[in-house]
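All chains are identified by letter, namely A, B, C and D, in their written order; residue positions are counted from 1 within each chain.
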Amino acid sequence: MINQDDLRVESLGECLFASPLNFASAAHSEESYFRCEDDRVRMTVRFRTGADDADSLSFEEAGPRKKVYFDPAQSTAAIVTCGGLSPGLNNVVRSIFHEASENYGIKRVLGIRNGYLGLNPQSGLAPIEITREFVEPIDKIGGTVLGSSRGPQDPAVMADFLQSHNINMLFCLGGDGTQRGAHKLSEELLRRNAPIAVIGIPKTIDNDVPFVRLSFGFTTALEKAAEVIRGAHVEARDAINGISVVKLMGRHAGFIAAGASVVSQEVDFTLVPEVPFPLEGDGGLLHSLERRMRDRGHAVIVVAEGAGQHLFQSTEQRRDHSGNLLHEDIGHFLRQRIAEHFAERELPVSIKYIDPSYHIRSVPANVYDRYLCDQMARHAVHAAMAGKTDAMIGFEHHHYIHVPIPATSKIAKQMEVTGDLWRAVLEATSQPRW
Amino acid sequence: MINQDDLRVESLGECLFASPLNFASAAHSEESYFRCEDDRVRMTVRFRTGADDADSLSFEEAGPRKKVYFDPAQSTAAIVTCGGLSPGLNNVVRSIFHEASENYGIKRVLGIRNGYLGLNPQSGLAPIEITREFVEPIDKIGGTVLGSSRGPQDPAVMADFLQSHNINMLFCLGGDGTQRGAHKLSEELLRRNAPIAVIGIPKTIDNDVPFVRLSFGFTTALEKAAEVIRGAHVEARDAINGISVVKLMGRHAGFIAAGASVVSQEVDFTLVPEVPFPLEGDGGLLHSLERRMRDRGHAVIVVAEGAGQHLFQSTEQRRDHSGNLLHEDIGHFLRQRIAEHFAERELPVSIKYIDPSYHIRSVPANVYDRYLCDQMARHAVHAAMAGKTDAMIGFEHHHYIHVPIPATSKIAKQMEVTGDLWRAVLEATSQPRW
Amino acid sequence: MINQDDLRVESLGECLFASPLNFASAAHSEESYFRCEDDRVRMTVRFRTGADDADSLSFEEAGPRKKVYFDPAQSTAAIVTCGGLSPGLNNVVRSIFHEASENYGIKRVLGIRNGYLGLNPQSGLAPIEITREFVEPIDKIGGTVLGSSRGPQDPAVMADFLQSHNINMLFCLGGDGTQRGAHKLSEELLRRNAPIAVIGIPKTIDNDVPFVRLSFGFTTALEKAAEVIRGAHVEARDAINGISVVKLMGRHAGFIAAGASVVSQEVDFTLVPEVPFPLEGDGGLLHSLERRMRDRGHAVIVVAEGAGQHLFQSTEQRRDHSGNLLHEDIGHFLRQRIAEHFAERELPVSIKYIDPSYHIRSVPANVYDRYLCDQMARHAVHAAMAGKTDAMIGFEHHHYIHVPIPATSKIAKQMEVTGDLWRAVLEATSQPRW
Amino acid sequence: MINQDDLRVESLGECLFASPLNFASAAHSEESYFRCEDDRVRMTVRFRTGADDADSLSFEEAGPRKKVYFDPAQSTAAIVTCGGLSPGLNNVVRSIFHEASENYGIKRVLGIRNGYLGLNPQSGLAPIEITREFVEPIDKIGGTVLGSSRGPQDPAVMADFLQSHNINMLFCLGGDGTQRGAHKLSEELLRRNAPIAVIGIPKTIDNDVPFVRLSFGFTTALEKAAEVIRGAHVEARDAINGISVVKLMGRHAGFIAAGASVVSQEVDFTLVPEVPFPLEGDGGLLHSLERRMRDRGHAVIVVAEGAGQHLFQSTEQRRDHSGNLLHEDIGHFLRQRIAEHFAERELPVSIKYIDPSYHIRSVPANVYDRYLCDQMARHAVHAAMAGKTDAMIGFEHHHYIHVPIPATSKIAKQMEVTGDLWRAVLEATSQPRW
């Protein structure tokens, strides 16, 4: 359970410099664009008349502050991109540079190479000095121009690096592991009384970071996943008794599988980690699939990589010679079981198995994500300039918010099985209500 | 000013039939998917600590009801698409059909041809009987398979048509004019005590219908507009002293121009109806543009079709022989004035003028809009089945809501000049704060 | 070896009807658009001065004839699509319908369902009556609206079907197996003296049908393959010691792998069936890859599914319990050997394996293929109307030609290892000249 | 008339250096990849049996030579891009760099800025030193990274520039004006006995440079034009009596209008410069359009910008106050006449006018053009290295050739009105055979 105290954002100290941002115009006072610490965003917007309004939690709203903690002309910012690729990383890098350098006038923006590894001098990876020319074309290409890597580094080593390079603020783009690393680094820096802001920007193609309604890259992933599903539907429809099985990303959360199913409206069964399904027996997947094939002659199954893991736990016999559990790949497992099932019933089917993962995550961001990336980036710079630290930019109800990083590890974000998205899946597919 | 009474939704009467929808599963009670009249969504989510929480307004939440007003097996639904094209119309038609026919079991779904005109027997346009085969491919093509037209029809004539065809619910896809027509039709039907539900689905590529945070088609329009801006930027950058002027849709609201500018991050001046700008003089557009050209050698200007209308009011001399006001086209006007300005200064510039309007609105919906379309459609069917009428489906804070149609005409939705979107434009461009 | 006699096209008999096509205009005699039997296209266009012009072979040029064999008003045409999907099938169906029905006035066009199976009454698959409405949207969707299947049917059964349905001409879209089937059917019909034209339209996403420079679907496949390679390059570049292995279609011919490598210009090693490569040892793939990794830190390998089969022949030990040869999948095999190789050298690498096959072949046709499809279709109708049979439409030097189907089985089309395409691959990659 | 002498390519002198290119492999002699002066490509491939083979003309085949004229280690290459944008310019720049620098080992490759203007020192535009990093991302973005400009410069000034910068070979990307400039520069350099190769690479989005079957950028333009036509068709179809008029590029040649019409298969009238059409009267465009509207209720007209110019010659009255000929814009003119025509007949129509020119030419190249660009670029480098000069790379019958630049000005390439492309247009549209 989260309570309001968990949502209090860490600060480096008092803001003494006037913001160099200028929003004043003839028509409007600049006040309207600045945010202060009292501006807040409610955590929930739905309520039931008459029920106790139990949830009165709220977040600090993100946005530029009138007073800032750092003197831009004396400041250096750094950006690091960690973990697997997600569409939009370069857009975030580009907008951080523009906001920091051109709007705030920060004198130097560095790109840390290959994730947290680049904050370890032993890697031999020197930071890149980011310029206008450097960022100009990068939003047209996928991936991250800074390179990436997985895994943590020693917080003390990273803190040393930041201090030795006179870096005043670090922007950490990454998923939950990256944010945990950012938190440990923040703690280390606070312990040292080092006035260095650490701001997280959530990067999760699976959309599974809490307090981020839609993470950048997610709708681009949906777009690509829906293209793949379209092809899978064509393959199934045009064959005799065609069945297409599409495996999509989503180890702990089925947002991509569910969202892409709703978008494509051509899926018959959507399988996600949040909804265990029976494979065998009446009402099981195989039986339902068989009925579907007899009714319509083809079917499309979308399965998140983390779905159906309960099917492996009891299958003791499925071990290789070394005793390793086999067939944890739900996609291959389903393909095989479906083939066996219809072979037993002497109903010949044509199964196509499609696993597009890398293709989906290395493309440039689509229009929606480009907007998100820009705003995530600029709000991150505002937060750092205001002296926030150990904080991540969140996004709820179309508003950007400050989230204390420790709060993000108190909740495992999954798709609500009783929520709107899963209902949309049930409405779009003909699948049983397991 | 809107008050809570304005947000009360009209109803045809008591719901006596059990919903045929079945969400019950082993794991979850079906209760969780149904909504009741007490489920509500707050209108605002931002607040300032200590300030009076002035706005306690809330909307009825959309969603399926456990009891429904119509007996599906005895019911006929009809769909009408009105006004200019917007990406996603066919997706809405397709999902209305699927929800109505396959999920609720409504026996007949008709497609009214060419807008409200098709509800006038004098047009000779007979409705289409919509089938599964008919809707199968339509989400891959732009436009509306039902055809469209502009302008109202006599509410009495339309009411006669609905009654004579035994239509129980009508879904009206269109902008403010269409919703006004839907309201008049609802009034006429209520006056007649005719148990026919009229449900509006907002269709506005300009995103200017109130209580609809993002209307379907809007982000697709942004995507196409951003492509055009990308080309315009290339043209400007690669010429000697290149200037590109892109005119985008937006007669009363600059959402497309502003949004596309943020998405593309390559725009130097964004001109919208909500922000009047001085053309001449110090700090005027021409002067700022000149400075930009001397600094960087090229510039991109995005102008909403409704921007800068103040520039025409005082120019009495600009009338043709018949006395008609000339040059109301801000795009052509700007192109001409920019050419004159630089000619006077003997600074040769290469101006490219680009007006992509029709291209933007006739494409199929992108992934985000496909999601919106599906949910708008299904919630419209839920609303009609629950006996709601004179109501439009709205979308706020990621939740779908019921909006009384009369309430939508009490507010003219424009971009907030002191809001997040315009700040994002100011952050992305180097333009003056007019 | 092919000789000129092999290129003589079979004919049903004398053409007695005047063509209903009208090309006459004020400016030009219609003669210019009609082709006669004496119009020919040379097989080769390159020569070396002084060398004997050994190759004087030529093809009959395709095109409308002034006199036609069938009376359109009394004729029925049928279309069948066989084998795996290739982008553009629906475009061919659409243009055959338009040319046959609207231009020639053929009274009925039937769509045979699910390949040659639909020509066997035991399948229970009745033909579809194709109409203008039916074909209207189909070019926007992938696959084949007629459905497909693999494998032959008894020529006598198919001939019975055509005769019993009064079909006068059959258009067979498919690869070499399909054309073999078309040839056997032609023979059977000629044996029966049945005046039914059988015209083949080559469909091969691998581009491996002889006398067809570029088959429809091929450049669309290149486009999709190049997108995948772009992503693979991003993945490799942004990881530490990243290696991406992309498996593409091409069982006997490496056109897709080679073409996509040239198009993307981001590939380091292209492996095709036509060029055996050493895996181990100095100058072998693994060694070359290792050098590439030490030089640049990342690499992209594109492998056609039929490449490197020589690597399996000697690996006797790689059999499963039933004695089946294992690891014939060159993609998985390479991934594993690369991983082992670098593990042995203690050089940690990050390998991504990508196999996009189904995604590539189920998309709608791109612009180039849409052109090809249209012309293939219309020339097929011209050929059938002229009483040609046992003939396939070919495409050489930008001209459409008539190819006797038996001639196509005399040559196995592969990429010339000493030709322009492979030179382009060698120029684009840094790979050894194996 | 062209004769064989016109096709003799100018040479700087004897090739004394061995080519650094290495194609030798275990399987094949490197001979197979090299071309010699005796390798030729026929100009025509169609013939009529029995007719005199009048055309025995042939071109020198492009390709690498075993001996080269320049010592790469001592050589500097330069690239200049001129005139309007066309998709693929950056791809050509990239492949020239890779072939010259990495394959031949040329020590320096310069990018001339903003067309021929950058060869005039008075412009103050210094050349860019092209590197691997510089070209890495440029094929993903449209336009030309070198910038462009229109118009000629003094050949003597340009020759001085090349000599003073020790440039040994210049690659000129541009249309007929640019090639004329390249020819004058070649003449000047030959006059000076300066051993500098000038190689033209044809860039014409209109596809109107002779001896180039398909110029790069052209099929990309078709792709974008076909997208626009698709939208135009949607607009026309979904309105009541909708007419869409699409103006496409093509001042002297209608290749884009014709090709896009065939590709889209949704056009009713295609108007090109090569085919004058009557506007008024029986059989005129307006009358035919009217019949089409009464038959089907909507129509799409595609008009090349150079079409219908004959309609303006006799309209003396259409002059403005200064005496300038008005309404030379065929698109606007048609829109107006169509509106008037239907107004007179009291048949209300809804006309949409669409002019997408800039959008079409500033996008990145599609897959087909990327292939062409790469090969054009590499063959240009081969030609320069072989000491060819005053020569342009051509493309006929899928082979790349050397074309003396003066020969290109002897022919005005237009679409053959009696050729395959126009027949394809007539087959696809229902338009009269004017």
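Here, contacts are C-beta pairs under 8 Å (C-beta built on N, C-alpha and C of every residue); 3 or more make two chains touch, one makes a residue touch a chain.
Predicted model only: the values in this text are computed from it and were never measured.
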By label, the chains that touch subunit B as well as subunit D are A, C
Can you name the chain that lies farthest from subunit D, using the mean of each chain's Cα atoms as its centre? A
Approximately how many whole Å separate the CA-defined centres of subunit A and subunit B? 29
Could you please state the distance in Å, as a whole number, between where the Cα atoms of subunit B are centred and where those of subunit C are centred? 45
Do you know which subunit C residues sit against two or more other chains? 141
Which stretch or stretches of subunit D touch subunit A in the complex? 137-138, 140-141
Can you tell me which positions in subunit B touch subunit A when the two form their complex? 22-28, 30, 32-33, 36, 38-42, 45-51, 58, 61, 91, 94-95, 98-99, 102-103, 139, 213, 219, 222-223, 226, 259, 262-263, 265, 275-276, 366-368, 370-371, 374-375, 378, 396-400, 417-418, 420, 423-424, 426-428, 430, 432-434
Considering the complex alone, what residue numbers of subunit B touch subunit D? 85, 114, 117, 141-144, 147-149, 227-228, 230-232, 234-235, 237-240, 244, 352, 354-356, 358-359, 361-363
